[in-house]
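The next part holds the structures, each set out as structure tokens.
Look for chain A in each of the two complexes below; its partner is chain B in the first and chain C in the second.
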Partner chain A sequence: METHCLKRPTRRQFLSSVAFTVLAASSGPVLARSISGSLPWEARSADPPIQVRPGGWLFFTPEEVSTMEAVADRLIPADELSIGGKDAGCVVYLDRQLVGSYGASSRLYTRGPFMPGLPTQGYQAPDTPAQRYRTGLAALNAWTRDNKGGKRFFELSPDDQDATLRDLEAGKITLADNVDAKSFFNLMLSNVMEGFFADPIYGGNKDMASWKMLGFPGARYDYRDHVTKHNQPYPLPPVSIAGSTEWMTR
Partner chain B sequence: MKKIVFSVILAVAALSSGSAFSQAPDQADEIIRGRYQAILADCGACHTAPGAKPLSGGRPLETPFGQLIPPNITPDKATGIGNWTEQDFRRAMKIGIGHDGKRLYPAMPYPAYTKMSDQDIGNLWSYLRTVEPVFNPVESNQLPFPFNIRLSMLGWNTINFEEGTFKPDPSKSSEWNRGAYIVQGPGHCGTCHSPKTFLGADKTDEALQGASLQGWYAPNITGNPHIGIGSWNEDEIVQYLKTGANAHTIASGPMAEAIQASTSLMTDEDLKAIATYLKSTEGGSAEKPQPLAASDPHMTAGAAIYHDTCSACHGGEGKGARQLFPALAGSPLVQQPSAETLVRLVLNGSQAVATPEARTTPSMPSLGWRLSDQQVADVLTYIRNSWGNAAPAVQPSDIAGQR
Partner chain C sequence: MTTILPRKDVVIVGLGWTGSILAHELTEEGLDVVAIERGPWRDTAIDFNIGYAQDELRYAIRRDLFLQPTVEAMTMRNNTSQTALPMRDYGSFLPGNGVGGAGVHWNGHTWRFWDSDFRIVDHLNERYGSGRGADLTLQNWGISAEEMESAYDRFEYLAGISGKAGNIKGQIQEGGNPFEDPRSRDYPLPPMQMTYAPTLFAEVTRSMGLHPFPTPSANLSQDYINPLGIAMGQCTMCGFCERFGCANYSKSSAQTTILPVLMKKKNFEVRTNSEVLHLDLDVSKKHARGVTYIDTSGQEFFQPADLVLLCAYGLHNVRLMMLSGIGQIYDPNTGEGTVGRNYCYQTNSGAQVFFDDKNFNPFIAAGALGQTVDDYNGDAFDHGPLDFVGGAGINCIPTNGRPIQTRPTPPGTPRWGSQWKQATVKAYKATLGFSSQGSSYPARGNYLDLDPTYTDRFGRPLLRITFDFPDNDIRMSAWVTAKMEEIAKSFGGRQYNISPRRKGWDSVPYQSTHNTGGAIMGADPNTSAVNKYLQSWDVPNVFVVGASAFAHNAGKNPTGTVGALAYFSADAIRQQYLRNPGQPLVSA
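Presenting the complex of A and B:
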């Protein structure tokens, strides 16, 4: 009869596994620490956000800027409710995002295998957002040049721009360089909305225009004084992480 | 083998020296009482540097005349007070003259310690003999010429110093007298809280009415109802000194240190006595000044900053939250003549002190990055003149110096 039992490790195997365990445990930064007495605290410690200011382009070329500004102004046109996407700084927001960690996908897992996924699984291809904008905007302008009388997207009339965006959204257009029209449209739409509604410190939402439009109070986190005041408008104006013009002595 | 025997002998020798229990048994009570005197007098506040061995010398004191480093007062013979006699120690405490006739600077609060009883000083001496001796050379006198001439303290003493043990006031209760003794004597509260003359001596006629030192404003702690602690009841004062927080406020800065090392370790009877005495003292005008008009442009800007930046914790009406966020409405600290401490809290943030009865240490974030000098000034002007508060406006130039 055959018996199955675990093989006893040899002396050599045992010693080397101990050595490996000790090595693994002692290398690398120690992440856990114990604290006694009071919590650690330091005067003046702060991690202030960096205010994005318009002026100069860090990612986009001049042609890309004109194209993106035209797109932003068609997705969020200036009307009686608010200023448009361009004036709100949506492209400034996007420019700074694309040179940062978002543009490089540096905080995402971006190794293969690359398989076509379901829409609910989000973007599944290897290109970073920076690469997608570079090829996508060039492909968009190439398409309008070929199909709209030699004009680039931003040179079209607003109606033509709207028609082109609608076709992009519906996937009716085939763009060069394997750019997926539908997913590129969705990328631009979500980024322009982010720029419009995010805190002004990121470069968009100029003067908190979208928050004023919605009546959103901004970076506040305590409403105890107002929570029982039913059916009354909230009295305070919106405030950015970086402050408000109300803070200036007038 | 020889080596092992030798090191065992060494270890036994090290264990037996410097231990309180090696003293004669009748001395034990004296030493324990002396240890309590060291708590009352908060010797460690100056003589122990952060992270260092107890009483082995402190971090530098910035005085208006220059820097002094509190010396090593462990019984080390070479660098501490191991060569001192009890008589030397008594002279230092009573008249500010140390070993070999060296004159002490009054940063060592002998003008307060002179009021201590002979018995209390004797007990303190017994305790100090039992502290672990530490070799740590300290050059105390870092003052520039002419202040570095110790003999000049002879003249200073003639003008500013009055020797003498505390004399109880027979017309007051024994509790009041105990409180007065601690406050004026070992507790040396006036060292921080009393305004100073140009020579750095306490202005005795304005005792405990508030003073600026080392970048903080030690507030008025008399019974004044507006800017003193007159609006707190005795239990609230006791709670503050015991835990570092009460329904009104949370301690910060040097007072937080004093609470941690000294008052939180005092007996409840002594804290009650201190409260009784402090509430009986008078200081400053009881009349409130007129607050600034809410329509003042600095007040409207300050209100906007307050509601956007401060109200989440301190509340829309400045009421705070018990034990967690200090109330600003009615706070004596907020309404001191000087806003120095407030500026510091806004720029640096602050953390409550951990005491055995209040271990959570809520902290205020630093707001220096978010507010300009003008904005810090305006928001402080607003809290000093809202919800019944009234105090002078704060200027941007008051902030720049503390950046």
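Presenting the complex of A and C:
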């Protein structure tokens, strides 16, 4: 086999240079190569995900953490079906996403000119998700301070938080710094849901709480023995890419 | 500075399905072939690793295997009165990237188009008299189903398609699609074992007098060794198909059906992470000298070649033709020009039925595991009294229960909070969905060209898509969707929900990566960019292979026809073109 590969960084070198980016790994600077004569294969060239470890905040400030945790707990409240968004780790998930390629829009088309578009043309503003959270959460707290007796969002009662979120969702609130209330609400909703339902390796969905709630078996990958068992419950609990909660020593 | 490389017999742009098929066929002919691939090398063991292939966030939401807009975006608008803006993220469709292309992360529905598609104008005139579809720019493709039969057969046997023939040499087969054209033999593998939802769909539609049959699937029902000697494994119905690579060697792709043989050939080479910037024409503009490409270090190369095959995604084929000055760009005002013409898409609608007492185990699924009804597809039914042409396949193919994206709830459910959670849990296992995949017929104002404002990272103009669903297609979809509502009612669920297709193509929600046309095939160089062998009318040593050649899109997934056209074109090159290289295979 003949393969020419200029300065391809090893996975270890590459990871150490982007220690805090969760999902950027596969968009690394892999250089051009010529392959001929056989299927190329190199040891340790696979690119597994990097497991998020809770502890510390890489993007959010303490006030943003409190705000986002309150939002996550109203979007996904704790009840008899599952733990809430905060305990599930949705904000840890989001924190790590926002310091990675997602937060920086590094995969998107970000060239100008930026012009307001039609709804069919999608998001057209220059702000990245990281910028939108920074501005949006500050604007949300400023709005509640001005309109809810001087309190920040996370200081409101759950009912007041729900009412505020409903108004955000409906676009009834005008936020400072040109933050589009509806669009910011939708961003938070989709990200919190991602964290709740994604594999727990990304920091949310603690102990596969959402999968247990739904009955989704996760990463099992082979259902041949159950295909024709129509209308019968699937018997096995979920597993994550990182395994099962039961396998872990505590 | 551009480095000039040693000449090759053939340069192929893009190593996906079509590039791999052409490369295999032409290396068999003894030619020296190089493929230039913009994305990375990809193979099962490393890139679709069974330890973490089933990662919804990484592959379905962040779309690790797809073309990223920062590499190449496109602009869109619904009509010429609007200003096109870039799709800053891909949404409505998701082009592939890397070796294997979109064939890595497709679902695997593998159809044959019908003779009434290839000969659509003649067919409609013969059946209904002239004048049907006058508001459309329908054209014959210049081929027939009979001519295409052996090419379809080869692709299906290469890929190990699992299905049930409906028509073998004119004999209708019980349990298959009675509306298909004659095929020479059955599929290489029997249909997949059915999950609960499609089984119920088949019962209900059959009781209504319709003709359900197992969807022809590139998720293999059994182990298989293809004609190249490459082994594949039985699909495990893992529920991670579309947007994912298959870790089980169970989904047909270039990786699982061709590359293990192709890559061993001494007369084949692929250069990855290398993007073709344009084809270089000689002064006559009737002969391509080769291609110029740039690698990820920014180094530019000129690769001379006698024959240039554009095998990128259809939309990229069209853009490269435009960037290279091949043919005349279509002008919707005059109707003149062939490159960018007859851009079509897919006209889909959906239905959901919510039950109280059923468990569909939605996570037990595969991309193409399901049942289809073709009674209302194409011209399988009488359009005489109807105010539209075309139709839709109705598919019950529940592909997954991945919970970030697949969480159906009845209309009126809040999107968050305790009520949302209760409704989500209740509906997750107890919802049956089915959809229509409708034809998309060409209209004068739907076309591709180069954007006047937005450029890529090399300063080249982006492709501009001007598209909306033609009124004919909206009427078609409304009519088929009414039939779907009858089916939905017949299930006897607690409640159902219908999502019809509306005017105003929206680039944000995912709909379908079935973008067709722009470099269409045909018999007339004034109205087509390539002849029936996919050879450029303007530059005969260039072939443009892919769904870019479709003169319209049928109510079917395109890959089967794309694969068959690749074989049809390869045969023409091997048996005719190489005898007189550089000459047109069809005289204009």
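The criterion applied here is as follows: the second predicted complex is superposed on the first by the 197 of 250 C-alpha atoms of A that agree within 3 Å, B and C clash if a C-alpha of one lies under 4 Å from a C-alpha of the other, contacts with A are read in each partner's own complex, and residues count from 1 in each chain.
Criterion: a contact is a pair of C-beta atoms (placed from the backbone, for glycine too) under 8 Å apart; a residue touches a chain by one contact, two chains touch by 3 or more.
Predicted, not measured: the structure shown is a model, and the values here were computed from it.
Student: Where does A:Pro119 make contact in the superposed view: on chain B (first), on chain C (second), on both, or on neither?
Tutor: Touch partner of A:Pro119: chain C, not chain B.
Student: Does the superposition put A:Trp247 against chain B (first), chain C (second), both, or neither?
Tutor: First partner only, chain B.
Student: Between chain B and chain C, whom does A:Ser45 touch in the aligned arrangement: first, second, both, or neither?
Tutor: A:Ser45 contacts both chain B and chain C.
Student: Compare chain B and chain C by how many residues of chain A each one touches, and report the one with more.
Tutor: Comparing touch counts on chain A for chain B and chain C gives C.
Student: So in the superposed three-chain picture, is A:Gly37 touching just chain B, just chain C, both, or none of them (first/second/both/neither)?
Tutor: both
Student: Name the contact category of A:Arg220: first (chain B only), second (chain C only), both, or neither.
Tutor: Both partners.
Student: Would you check which partner chain A:Leu236 touches, where first means chain B only, second means chain C only, and both and neither mean what they say?
Tutor: So A:Leu236 only meets chain B here.
Student: For chain A, which residues belong to both interfaces, chain B and chain C?
Tutor: 37-39, 41, 45-46, 48, 220-222, 224
Student: Which of the residues in chain A come into contact with chain B in the complex?
Tutor: 37-39, 41, 43-46, 48, 220-222, 224-225, 236, 239, 242-244, 246-250
Student: Please name which positions on chain A make contact with chain C in the complex.
Tutor: For this pair, the touching residues of chain A are 6, 23, 26-27, 29-42, 45-49, 74-77, 79, 81-82, 101-102, 105-111, 113, 115, 117-124, 162, 165, 169, 189, 193-194, 197-199, 202, 210-211, 213-224, 226-228, 230-234, 241.
Student: In the complex, go through chain B and note every residue touching chain A.
Tutor: 297-298, 300-301, 304-305, 307-308, 311-313, 315-317, 347-351, 353-354, 359, 361, 363, 365-366, 368-371, 374-375, 378
Student: What residues on chain C touch chain A, complex-wise?
Tutor: 40-41, 43, 45-47, 49-58, 61-62, 64, 68-70, 73, 76-78, 82-83, 85-89, 91, 193-196, 199, 234, 236-240, 247-248, 259-260, 263-264, 266, 268-274, 295-297, 299, 358-361, 363-364, 401-404, 407, 415-418, 421-422, 424-425, 428-429, 453-455, 504-508
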